[in-house]
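Two complexes come next, and they have one chain in common, chain A, joined by chain B in the first and chain C in the second.
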Partner chain A sequence: MDGVMNPTTNIISFDLTTTSLRDVNHYLHHQVSPGNHIDIHHPNGAHNLAVGLQEAIAVDIHGHTGYYAAGMNQLASVTIHGNAGAGVAENMMSGRVHVKGFASVSAGASAQGGLLVIDGDAGLRCGISLKGGDIVVGGSVGSFSAFMAQAGHMVICGDAGDALGDSLYEAVLYVRGNIKSLGADAQIEPMTEDDQAIVANLLEQAGFSHNPNDFQRVASARQLYHWNADAKQDY
Partner chain B sequence: MTASPDNVNQRLSLEESWGYDRRMMNYIYNAAAHGLYEIRGLGAKRKLPHFDDLVFLGASLTRYPLEGYREKCLTKTILGTRFAKKPIELDIPITIAGMSFGSLSANVKDALGRAATAMGTSTTTGDGGMTQEERQSSKTLVYQCLPSRYGFNPDDVRKADAIEIVIGQGAKPGGGGMLLGQKINPRVAEMRTLPEGVDQRSACRHPDWTGPDDLTIKIQELREITDWEKPIYVKVGASRPYNDVKLAVHAGADVVVVDGMQGGTAATQSVFIEHVGIPTLAAVRQAVMALEEMEMKGKVQLIVSGGVRTGADVAKAIALGADAVSIGQGVLFALGCNRDSYIQNGEHHSAVDDYTALGTAPGYCHHCHTGQCPVGVTTQDAVLEQRLEPEMGAKHVKNYLQTLTMELTTIARAAGKQNIHHLEREDLVALTIEAAAMAQLPLAGTNWIPGQSSF
Partner chain C sequence: MCGIVGLLIKNPALRDSLGALTVPMLIGMAERGPDSAGLAVFTQPIAESDRKYSLYSGTTVVDWGQLIQALHQQLGGTAQIHTQGNHGILTANLSPAVVKPWIHEHYPAVHILSTGRTIDLYKDEGQPAAVAERYGFSQLKGTHVVAHTRMATESAVTPAHAHPFTAGEDFCLVHNGSLSNPHSIRRMLEPRGIHFDTDNDTEAACRYLEWRMQEGDDLKSALQKGFEELDGFFTFLMGTQDTLALVRDAFACKPAIVAETDDYVAIASEFRSLAHLPDIDHATLYEPAPEEMYVWTVS
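Let's look at the complex of A and B:
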C-alpha cells in the first residue's frame, strides 16, 4: 500500500497504525528514487523499521523505534525524532542515521560505513564490532562500548562506562568526559593534528560545537594481535 | 620358555600407565614447553558413539524391497517451507557445510560451488563473507550471519538464496572463530577489515542480540530486508539441542542446523574440540524430539552435521528424522586432505615433504590452522593454493556426493522406500547399548530401548 503524498512539500507519509511494517519497508525498498522524502508517523516502538534501505532518500521517523531501526542502511539519511531501541543502524554501510533522543544497546554494531549520530546517551556496547563506520554520541556511552571495534571512529562527547574499547583493533575512539575503565589492550594516546581534524569534522557533521582539544584519544595497544605465551594473556 | 624372575621384573618395569600413557605425557611435555594450548583443525579424534553403531534392518517378509536399478527412489529435498516465499529446492539431501573463505582458498570455494551445482545441492559461505567465486559457481548459496560479522553486508544478503544465523558449531559450541596470522593475507584482511597477519579471534556472541527473544527480532529483520523471500536457517552446536531447537523454532527459524561434536573446524583449541559438546547421534534424537513435541516436524526442516562421511551415515541421519545433512570434513578429504600427493596439470606430485615440514605425515595431518596445507585445501598461500585445481576439485567432490547419493538410495530401496525421506526409525537398530540409549533405538535382536522398556 502506498503512502500519502503531500502535493506542496512532496513528502510521502505513512502511518504505522494504518499501514503494516512490511508494506512500509517494501515501499522503501522498491518504490523510492533518490531525493524522495518519506515521513513515518506513529512508529510506536516498532522493530525493524526502515531496514535495508538502498537509495539516497530522506526518512523521518516521528516517534520511538524498537530494535534495529535503519539496520544495514545504505545511502539513505534516516532521522529518528525519538529514542531508538537496540541495534539502531546495525551493520550500516553508508548514509546517515540520526537519533534525536537516546539509543539503547548495541547502537551502530558492526557498522561498516556511514555516520550514526545520537544526540542523547547510548547504552551498553555502543559501536561493538565497528568495521569502518563513524559514530558521534552527544551524551555518554555504556560499558563495553567499541568492544572488538576494527575500524572507524567513535566520538563520545560525554563519559564512557567500563571496559571501553576492549580488544580494539584499528578503530579509534575519542572521549571528552571520564572513562570509567579501559578494556583489555585499549590505551590512551596523545591527540595528533590528524585526530583533531577528524574529531572537528565529525562534530561538525553531527552538529555539535565542542572543542576538539577537549577529547582524549583511545586506540589499541596491539598487544593482543599475536599469540604470545609470555604475555600471560588469557586467550 | 619359562619366565625367569629377571624377565618378569623387566616386563613390570616397562608397564605403561593408562592414565599417563605416552599420548598424555606428550601433551604435558608440550604444555610445559609452550605455556599455550594446542590449536588445530578437523574434528574430534576420540572414538564416540556414532552412526556406525546403528544398522538398517532392510526388507523382509513384512516389507518389500524395491528393485535396485529399475524402480525410482526420490531424493528431492525442500528446505525452508515455513515462512519463506522462496524455499530451497535441492536434488539431494546432502549439502556442503559452511567453511570460511580464509580457512579455505578461493579455488576451493569455487570447486565446492561447481560440485554442488552439478549435483543440484547447496554450498554455504562462512566466517569471512561471500566470495564472488563461490556466488558465481554456486546455483544455491547459503549466506552465514556469524557473531564476527566479518564481511557481512546487505548486498550479499540480497544475493544469497538463504541465510544461516550461526549460534555455534559442533566442534566448539560456545566458541568463536579463529584464524591465525599466516592465513590473513591482503584479500582475507580486506574482506574481514582486519590488519594483515593478525592472529584473529572472532567473537563468540552476536554483537546486536543476546537471548532467544532478541533472536526472534533479528530473524524478522533479515526477513524484512529480504522482503520475506529467503529461508532463514539457525545453526547450533550440539550442546543442549532439545532446548536449542525449541528456542530456534520459537524464534521463527525455517530450518535448524544441528552440528554434533564430531564436526570439523579450521582452527580451534583441541581441548574444545574433544571435550565440549555431545555426539551427533545423541543430538539428532534430541533435535527430532523437540520438533515432534512442537508438532513442527516437516514444517521446520532439520539439517544434521558432524561426522557425516558415507551414504550410510546420510541414510541413518535421515531415518532418525533429519531432512538433510551437511558435510565439511568429508568434502575436504574428497579434495585430497591427508593424501600423500596432489594433482597438478594432470600429474600426481608427492606432498610428503610438506607434511614432514609441518611435523606430521599423510593420514595424521590436522594442520589446517597453519595455512600450510600440503594439498592446497586450507591455505591462502599463493603457491600452495595452486595445488588444488578447481576443475579437478569439483570433479572429486561431485563424485563423492554422487557416491553418497547412490549409497543412500541403495539403502532406501533395500528398506522398501520410494523416497529417501520415507526412511524411518523403525528401519534402524543399535549395535551398542550406548548408541541404543542415545538414539533411543532397540538394541539389535531385542526390544530393549535403554530408559524406555525392560529387556
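Let's look at the complex of A and C:
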C-alpha cells in the first residue's frame, strides 16, 4: 500500500496523484481500524472518494471532491477541506461528513443517519428524500431542498430557494433566513422548546453559534398523506 | 451525459497557450462524453471584408488546393486555406452568401462547420484525446474557446451531430442535457427559411438563439426568450466574437462549475476538468445558479 505513515502523528497519508482511487478506497474498506486517521491529498474532483466506509475512522480530504464523496458512510468522520460535488454523503447511515466549502446538488440525499455539515452553501435538492439523517448548512440551500424528506432534521442558517420541503413527510426543517417559497404541503409552524433544543444541539455539533430563536420551523401539513377525491385534480 | 468546457483568457500573455490549457480540460470530461468531441476557438477578428470557413470532409479525401483554385477562378477574390487532413480553414474576401452555396454545389462532401471573422471549429467522432490529437488542439491560440465531449442520448453519433453547433456567423453553442421541444422549435423556424443540418435537439437551441439575435435581440434578450421557449434540461455554453455565455435550466439538472482568476475564466461540467489549471488553488470557484445568465467578455 502506498499510504505514508507519519510516525509522530500516526496519520496515514495518500496522494491521489500517485495512488489510484480504487486503491485508496480499498485501503479505507479493508485495512483500517477504529481510531485510524487518514489524510487524502489532491482529490482533484474525483468521484466516489471515501464511499462506503464502515469503521470509526477520521478521514481528511484536502481539496475538492467530485460526485458522491463519503456516500453510504457508516461510523466514519469525513472532512472535506474544499467543495463537494453532487450527492455528498448520499445515503449516509451514521457518522459525520463535514464540507468546509460549498456542496453541489443533492447533498445528503436519502441519508438515514449521521450528521452532514456544510459550512458554505448547498445546491438544489439538498436533503432530498432524507430518511433520518441530520443536515446543517451554514449558508443557503437551493430550490427543492428536502423534497419528500421522511425523517431527520435540516438546519439552514441562510436562505432557502423555491419549493422548500415539497411533499414533506416527517422530517423537520429549521430556516434562519428567507424562504423563497414553500413546496406543496410544507408549512411554517411555531417553534417549541423541543425544536429549540434540537436546533441548539445541531448548531453546537456543527460548530455554528447562531441563536436557535432566530429559526423558523417548517414541517408537513400532512394534507397529502391520504387521497382526497375532492381536491382539484389538475394533472 | 456530456461534458462542456470553456476558457476565456483575460491575460493576453496566455493567449498563445489557449489550446495547451484547454486540452487537459477536454480530456478531463472524456468519461462524460467518449463518443465525439469538438472545439470552437475564437481568435482576433480578421479584416472586415474577410471571412473564415471551417471545412470538414469526413472520410472523403478532398484536394484542398484544387478547391481554392476553383473557388478563385469561379468566384474571384483571394482565398487561402490552412489544412489538416480532412479539415481546412478557408479564408477568403468573399461573402458567405456566395461561398456557402458554391461549396455545397461543387464540394457536396465538404461540411461547413463554422463561418465568421473570429471562429475556427473542429468536431469529429472519437475519444476526446484522439480528436484533440487529430486536429492539434494543443497548438491553438486565441482569446476564448468552447469545447464539448459527447455521449449521445437522443440522436446519432456522427461528426455532424457532435458539438459545437453553429448558426450565422461567429456564434456557437454546446449543450449538456436534452430538450423536449426541439421539433416544435424547428417547425417554427423552418418556415422562416432557417435550414437545419441534423435532427439533433441542440441544433434547435443554437438556431433559435441565433435567430433571435438576427431579429435584433442582444445575447441576453435572446437567452431570456430561450428560457421561455426551450423546454428540457440544459447547461448551454455559448461563444460569440468576444464573449462566453452560460445558462442552466431552472432545475439545474446538468452540472457546471466556474473558476475565475485574474488570468482566466474557466468553465466545465465538473471540477476535475479545472483541477490542473494554473493557480487554481487561488481561483474563485462557484456553481452558476439556475436560470441566471453568465456572460464574460474578452477585454
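Please note the rule applied: the second predicted complex is superposed on the first by the 231 of 235 C-alpha atoms of A that agree within 3 Å, B and C clash if a C-alpha of one lies under 4 Å from a C-alpha of the other, contacts with A are read in each partner's own complex, and residues count from 1 in each chain.
We take it that a contact is a pair of C-beta atoms (placed from the backbone, for glycine too) under 8 Å apart; a residue touches a chain by one contact, two chains touch by 3 or more.
Nothing here was measured: the structure is a model prediction, and the numbers come from that model.
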| task | In the three-chain superposition, say which chain, chain B or chain C, touches more residues of chain A. | result | B
| message | In the overlaid three-chain picture, which partner chain does A:140 touch, first (chain B) or second (chain C), both, or neither? | response | neither
| said: I'd like to know which partner A:86 touches here: chain B for first, chain C for second, both or neither. | reply: both
| Can A:216 be said to touch chain B (first), chain C (second), both, or neither? | neither
| task | Answer with first, second, both or neither: which of chain B and chain C does A:66 touch in the superposed model? | result | both
| message | In the overlaid three-chain picture, which partner chain does A:54 touch, first (chain B) or second (chain C), both, or neither? | response | first
| If you stack the two complexes on chain A, which partner ends up touching A:77: first (chain B), second (chain C), both, or neither? | neither
| task | For A:170, select first, second, both or neither according to whether it touches chain B, chain C, the two together, or no partner. | result | first
| message | With both complexes superposed on chain A, which partner does A:131 reach: first (chain B), second (chain C), both or neither? | response | first
| Set of chain A residues, in rising order, touched by both chain B and chain C | 66-67, 86
| message | Under the stated contact criterion, what part of chain C meets chain A in this complex? | response | 250-252, 255, 257, 270-276, 285-287, 289-290
| message | Under the stated contact criterion, what part of chain A meets chain C in this complex? | response | 44-46, 63-64, 66-67, 83, 85-86, 101-102, 104-105, 123-124, 142-144
| field | Complex interface listing, chain A residues touching chain B | value | 21-22, 25-26, 29, 47-48, 51-52, 54, 66-68, 71-72, 74, 86-87, 90-91, 93, 106, 109-110, 112, 125, 128-129, 131-132, 147-148, 150-151, 169-170, 225-227, 229-230, 235
| message | Show me the residue ranges of chain B that touch chain A in the complex, using the header's touch definition. | response | 34-37, 148-149, 152-155, 157-158, 180-181, 192-195, 198-199, 201, 203, 207-209, 214, 217-218, 220-221, 224-228
